[in-house]
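First, the structure itself, so that you have it in front of you.
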Amino acid sequence: MRLLKYITKRILVMLLTLFVLVTILFFLFRVVPGDPVSMFIDSGLDRESQELLLKHYGLDKPIGQQYIIYIKNLLKGDFGNSFQYGKSALEVIAERFCNTMILMVTSLIIAFFIGITAGAALAWKRNTKFDMIGTIIALIVRCAPIFWTGMILLSIFAFKLKILPLGGMNTPGMRFDNLLEKYLNFDFLKHLILPAVTAALYSAATPLLVMRTSMLEVIKEDYIELARAKGLKEKRIMRKHAMRTALLPVVTIFAVQAGFAIGGSVLIETVFRWPGMGREIVLAVSFRDYPLAQTAFLLIGVMTALFNLIADILYAYLDPRVALD
Amino acid sequence: MITLNKILRMLRNNKVGMIGLLIFLSFVIIAVFADRIAPYDPMKIQYDSDGGVKRLQPPSKEHYLGTTWMGRDVFSQMIVGSRIAVLVGVISAVCVVFIGTNIGLIAGYFGGTLDNVMMRLVDIVYGIPFLPFALILVAILGPGIKNIILAIVLITWRNSSRVIRSQVLSLKNRTFIEAAKLSGASHWRIIYKHIAPNVMPLSLVYVSTTMASAIMTESSLSFLGFGDPLQVSWGKILYACYSSQAMFKAWWWMIPPGIAITLLVLSGYLMGRAFEEIANPKLRER
Amino acid sequence: EKASEPTDNQPVQEESVVLNEADKIPALEMWITSQTYDPVRYEAGIMIADSWKELGFDVNITTMEWATMSAEGMAGHKHDAFMIQWGGKSERIDPFHWLYTMHYSGEGEEGGYNVAGYNNPKYDALAEEFATNMDTSVRIEKSAEMQKILASDVPQPPIAHRILTQVYNKDKYDNVTPAMGEGLYSFWNWINVTPKTDDKIIKFGSVLDIKLLNPLTTKTGQDIYMLNLIYDPLVRVDIKGQVVPWLAESYDVIDDTTIDVTLRDNVKFHDGKPLTVEDVKFTFDFAKEVSSPYYLSKIKALDSVEIIAENELRFKLSEPFAPFISNGLALVGILPKHIWEKEYEERGMEGILSWENLPTIGSGPFMFDYWRPNEEFMLTSNKEHFSAPKTDGILRIPFTQSFGVVQSLKSGEIDITGNNMLPLELEEIANAEHLQTVEIADQGSYFLHYNMRKAPFNDVHARRALTMAIPKQAIVDVVFGGRALKAYSVVAEINETWHNSDIEKIDYNMNNAKKELEDAGFRWDENGKLYFPENYVPQEYLD
Amino acid sequence: MKLLELNNVSIDYKTIEGNIRAVDKICLSIEDGEILGLVGESGCGKTTLIKSIIGLLPQNGTVAEGEIFFENENLLKLTKDEMRKKRWKDISMITQSAMNSLNPVYKISWQIVEAIQAHKEISKEDAYKRAEELFELVGLEKGRLNDYPHQYSGGMKQRAIIAMALALNPKIIIADEPTTALDVIVQSQILERINKLLENYQGSMILVTHDMSVIAQTCTKVAVMYGGKIVEYGEVNQVFKEPNHPYTMGLKNAFPSLVGEKNDLISIPGIPPNLLNEIKGCRFKDRCPFSIEKCSQENPKKTNIEEGFFYCHREEEREKLRVLASKQETWLQENIKE
Amino acid sequence: MSSLQDSRYILEANNIRKDFNVKVKNNKIVAEEKILKAVDNINLKIKPGETLGLVGESGCGKTTTAKLLLGLYKPTEGKIICEGTDITAFKRKQLKAFRKKAQMIFQDPYESLNPRFKIKDVLIEPLIIHKIGSNYKEQLKIAEDILEEVGLKPAQTYLERYPHEMSGGQRQRVAIARALILNPSLLIADEPVSMLDVSIRAGILSLLRKMIKERNLAAICISHDLSLIRYISDYTAVMYLGKIVEIAPTEQLIKKRFHPYTEALLEAVPNPDPDFKISLQNIKGEAPNPVDKPNGCSFHPRCVKCMEICKKEQPQQVEIEKGHFVLCHLHKNKNS
């Protein structure tokens, strides 16, 4: 019950946050010059048609009124219609969102798996060449711009070696009857590899370094010494005692990393032509498609907050000393 | 806990930090003397003797890193590009940490409602996805360094202020602060004379890491085409390379900016790690 | 009068004259887009600005997002100078857009497309005649005269027409026909393309994607190209720019404001229902009723549609409007009444305008199959159509980056692209045996818009000098990599019917530019900065 | 029979500044059922010494010379795995900061069961039963077996560790300052408990502490360490009544007492020697009020007395020194020659 | 104890209480907020020239009491009177004056000196704040004098050092010097030697005693070790779970104690004498978590002499002999 109350509290804070964000964005978008119609001037719409369009978008009303309508609709779960696509912004985004999430979740899983195991291994072998080289590689991967890494991998594996596709999510011309079929096939996997690996490489470095540092600290703890004194096997000490506790700080950075990954997906999606949400935001912003941009931004915000919440709960669950408050 | 002198001394003893500092300083020097080092105007289109544009020439004696598709000298672009990186990195880092440290100090020290309000604000800012926000802000306010820095500062202060606040929370209950209180020191004296120097290593950690992330952000935004259009920056070089379809052909155009970004960002992280070790002695014996 | 001729480098000035600071020409604002949005506008803008600086002007370059520039400049007319690309869609083959919409004084208020604010009574008189006279030969004559005036007055000089260079797989397809202004996006291409192999579904790749298939509110070119394939209008503009009957068996211009149309027999919508005069009348009435932002602008001049026989309709205009057939009737696809009436009842006016309209049902040569936005869009051929395509369908694949298009073309994943290939991409293409490039000059062009509401653009000599300082050839060479044609007239050379080549061709010549200014009394200081003439009264146009 | 015997053991730490000889040529032995107290100032090498016995010296520490016999087997010669098997089963340990020695993320029961199962083929249930027994032995409620360490008070954690140390009935338990962080009452309770347990099962124990009082209350033998050396060793009664080494005398003075007259507290001036540098002569000479020329030149010789030994150059005058040492003036900084 | 205010006292604490809000995590994931009564209705009067010892187990509220008395915490209830005014109501100026009068020495010498201050800065800081000494030189002189007084001779060698360049004992001497540099009239020493090595403890304690006697200070000395308290204080107060359960002149308390807890505490102190063996007869179990204090007398679950009334009613303080007060149901007021 208390957990429920806690979650409710967190969600309320999240809603407040989102509300503030939405408000800021709403006005930000509308204060600057340029409206969605001016983007289509080349289509030769005359003035009257432009005004008709503006009216159709609801942009002819005073800004305060627009805001009230927007918030009212939002409360009803209506995110408004995308100016570009005509249909509900949520619907437009939902699909992109799925694509982004699949890419990001895959890469995060790979990243944390690599990060945790490699970080632990490096720390266990501290002060050796293995540790040094591993740490340096991790640092470099961490500091290299993700799009650049992507470009290099793309040049090598797709352009030079031609073993992986150049981008996109599916080979064009494939038909799918349902979503499952779309995501669960070899072709999709092949397209997933490069972007997921690029993102994973980048996201793995931080958990790796954190895990390493935290392992190094844990190794010095008295309970590790006691575990040795107990005559436990080294492997068991590493797995059950050292890694288990060293994992805790890694959990806390999970949320940050996930937020980063989702936010940064725009770069990966750009390089690999992944039909995800990040790309859509860029387009929506430059087309002044306010509802779409706002919806996408909100969704990312919600996801960031959710990941934070999950990480916090997970942390409290994993560390018996820590309580949520 | 240690003194500023000791920080410098330890940095000298800290190989990692030293390497970081050296890399950073070399880039600063390059940035300062960029005009003199760069053999050509980075935006100038280079023509060969028969008046043709020198498009996509591989590295040669005249053009150390070859030319771009528009016939611009990559090496000069690299040199001049360091300016934006260093500028954005340093300015945002200083702003961010100045704001973050002060908020952290004040919220942490006074606590109560003030703290509550500030930390809720931090919570809200934490809810903002960084890159998308920066992107929207820059797209709306117009691409340009000022706006990029603004976007970075508007969001990144949250990290340092939260961590510094918690450091202040623990410092303020440390006995030497209570001792200072007992000597009758005023709040501001305690904050700025007694607490602030003790959070300095932590602030320096954030100066370094913020610098690194600011540089990364600038290059990401530039790569997405939101960089300052009239200035050369590494991200923009990469963008130009990517968008002109030359990335598979002209390695000399694609590789150097990435390396430069990596190195400069790395220098920030290395310095950050060094300061972290100084701030947190537990990490030191490695 | 000047004592000596100006030299190449330094305009000579009289030593005794003290230049008044107030006479200094204020810095010109050159707006450019970011490189991302359009490298041409970016690079060319900078080149022009540099050249103007050489002439003695102060120039500030400001980069803007297109949305901002569009609002501030295109709509708000707050600019000094900026560049845009006006697309060469088929409806612009009739140069009404170029000559009337862009230059008639009545279009010069805020929001109008006379961005420069050109206001020349002599020109206006010609333009009015051009707009209302239904006789094409008279219109051609007027148009020639108008082009001549514009070429010398240069309110907003055209700079270059791109050479559209597109690619297809010659092993698999034949009869690929680019059309003026639209290249391979053109309707006629899709009708004519002939498969050579058993693979009869054309895979078409483009960096541009479709967004909305509702013909009432659609606004992007890509949507319109696709809707053009699904919906049939009464007439179409053919590849040479001639109006040909389409759904109409024939049409008859009765007088300046009356047109009779006879409908083709046996036309069916994709759902099998016949297309009748009812549908035609409904479409036009409906567009008016719901104020369709797209259709309404095409049929502004339309007063009413009457059914005068089982397969005959009468269109009445409220005033004479010459391009009504080519730019009106030709662009309004006929909607199935039985579908739209029902939807309208359910959704109401707002709802119908934002309706997705899926599956899209028209009567055109291609039928909607499926659409996964951002991934694939599939059209199948309507074999029962009176002008049935020779292929089985079109699979349209959006790419975010054009190198994806190039690589896919090379690997055979796609067969045709509508992308305008960049020079570097063409190098790639050249290695591929199976690929063939097609070229056609665009009838649209990059314009530099001046703002004649402000000094010094309100002075024809300044405008001419500034225009003479535009390095057109360099822009073509450097920015377009040679894949463009210099433009002199607002109506492109490729538009043979309407183009007038007997005009003043202002090209890059710094000396002439300096002379032009000098002759008009402009002065330079010792730093080479420009000043207005003494007691300056701008001369707005040459007479 | 000698259960454990240390023979001339020296231990070095490698550091950036140089070698630290933390333990220097120590000989010591312990018999079955004996409780040996190891007392000395902070940094004198107590922990180092006992860690070498259980084979858990830090990475940079090595036994430079000497032998450690456990039941006549040289522990230093064993392979890693053999040594691992000896740990806890034969030699168990209560570490210096028992408070932090429990893994915070596992339940206490889990940790005890783990220790048992590491050495015995035994089912979880049986191991758990054993844990319950142990809890009873150390005076903890069975019900709290399934708590996490952070839910225990300091005293309870210490008891839990003691329970764990007893789990396999080891022949010797090494307790490194097991009560330092505890309150007096709890400390007394635990010492009492340890005494009782050892009585019952005949095990031996090494009790490390810096508190002379604790030794007096608990141990049978005592070894006083100073600067990496054992300066005095003997029966508890004997060492307390008639200390032979000046350091022992000084240490005794420094403890206030609740019983008897309220007398002045006397501290030993100065600080312990820096072990980084090689020390010539007696290690205590710089702080010793009785030091003479010879002290700084020669290492003091071992003087054996019944049941023990000590190292001092002025072993002859010890009666006289004992009297002097109880006076405050003797220990004033000024009276100590450099 | 009389409730009248008395000008003989430097500081008077009347029924002070301090509650903390603490978060407790039981087996659930989410924390529970509880109230911890760290100090529960304490009365204290401090006279000049008298040293009060405060003993008790860890967590019983000794430090909290000290901080309350110095105004570092605000009492939840009750008043602390200094010269007739409640110190919580002090204005800024008054507070500054009070700060000059009351000083404290902390438990951990490694913690109580700002690591970024040189020793001279540490010592001069209070002088600057209170504007003592007309110039820097003069202030430095004052600092030197006090350093020599606490046994750091010659002072010059220490002035330029940072705390980390000194040993624990030296640091504690600096801390004493800092506390005394303003010539306070009240000094609170919170476990001044518990972090120090045994061999140097005695030195610090004698120094402290010397300073208190020489300057005729009112002092409170906190420790959990009765044998130390005995050495330094005139009066001793025994604390248990936030309450003072017994208070009396020190020697009297050691000879004749009335509260079972005091009894146990005395029994538990080990002696550096092998002939005395500890025997704990008066106490069982461990101190409960102060968050869940037992009802009635908070000591009753551990008390071997527990009666029915102890479980229900909180005992009242009685003066069992002159100057000897006890808080226990076993004892009735002599007067009543």
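Going by the order they are written in, the chains are A, B, C, D and E; count residues from 1 in each one.
The definition used in the following text is that a residue touches a chain if its C-beta (ideal position, glycine included) is under 8 Å from a C-beta of that chain, and two chains touch if they have at least 3 such contacts.
All values derive from a computational prediction rather than experimental measurement.
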| item | value |
| --- | --- |
| Intersection of the contact lists for chain B and chain C | A |
| Centre distance in Å when chain C and chain D are each reduced to the mean of their C-alpha atoms | 93 |
| Centroid distance [mean C-alpha coordinates] between chain E and chain D, Å | 32 |
| Rounded Å distance between chain A and chain D, as computed from the means of their C-alpha atoms | 55 |
| Distance from chain E to chain C - Cα centre to Cα centre, in angstrom | 88 |
| Sequence positions of chain E contacting 2 or more other chains | none |
| Set of chain C residues in contact with two or more other chains | 37, 65, 68, 401, 403 |
| Per-residue overlap in chain A, given as positions that touch at least 2 other chains | 32, 159, 270, 286, 320-321 |
| Chain pairs in mutual contact under the definition given at the outset | A-B, A-C, A-D, A-E, B-C, B-E, D-E |
| Sites on chain E touched by chain B in the complex | 67, 70, 72, 95-96, 99-100, 102-104, 106-108, 111-116, 125-126, 129-130, 162, 164, 175, 178, 182 |
| Touching residues on chain E, where the partner in the complex is chain A | 23-25, 28-33 |
| Touching residues (chain side chain B, partner chain A) in the complex | 120, 123-124, 126-133, 135-137, 139-141, 212, 216, 219-220, 223-224, 235, 238, 242, 247-248, 251, 254-255, 257-258, 261-263, 265-266, 269-270, 282-283, 286 |
| Residues of chain C defined as touching chain A within the complex | 37, 65-72, 74-76, 84-87, 89, 91-92, 97, 101, 111-113, 201, 203, 205, 211-212, 214, 217, 219-221, 224, 291-294, 296-297, 300, 350, 353-356, 370, 372-376, 395, 397, 399-401, 403-404, 407-408, 413-414 |
| Residue ranges of chain B in contact with chain C within the complex | 43, 45, 53, 55-56, 69-71, 139, 142-144, 224-226, 228-230, 236, 239-240, 242-249 |
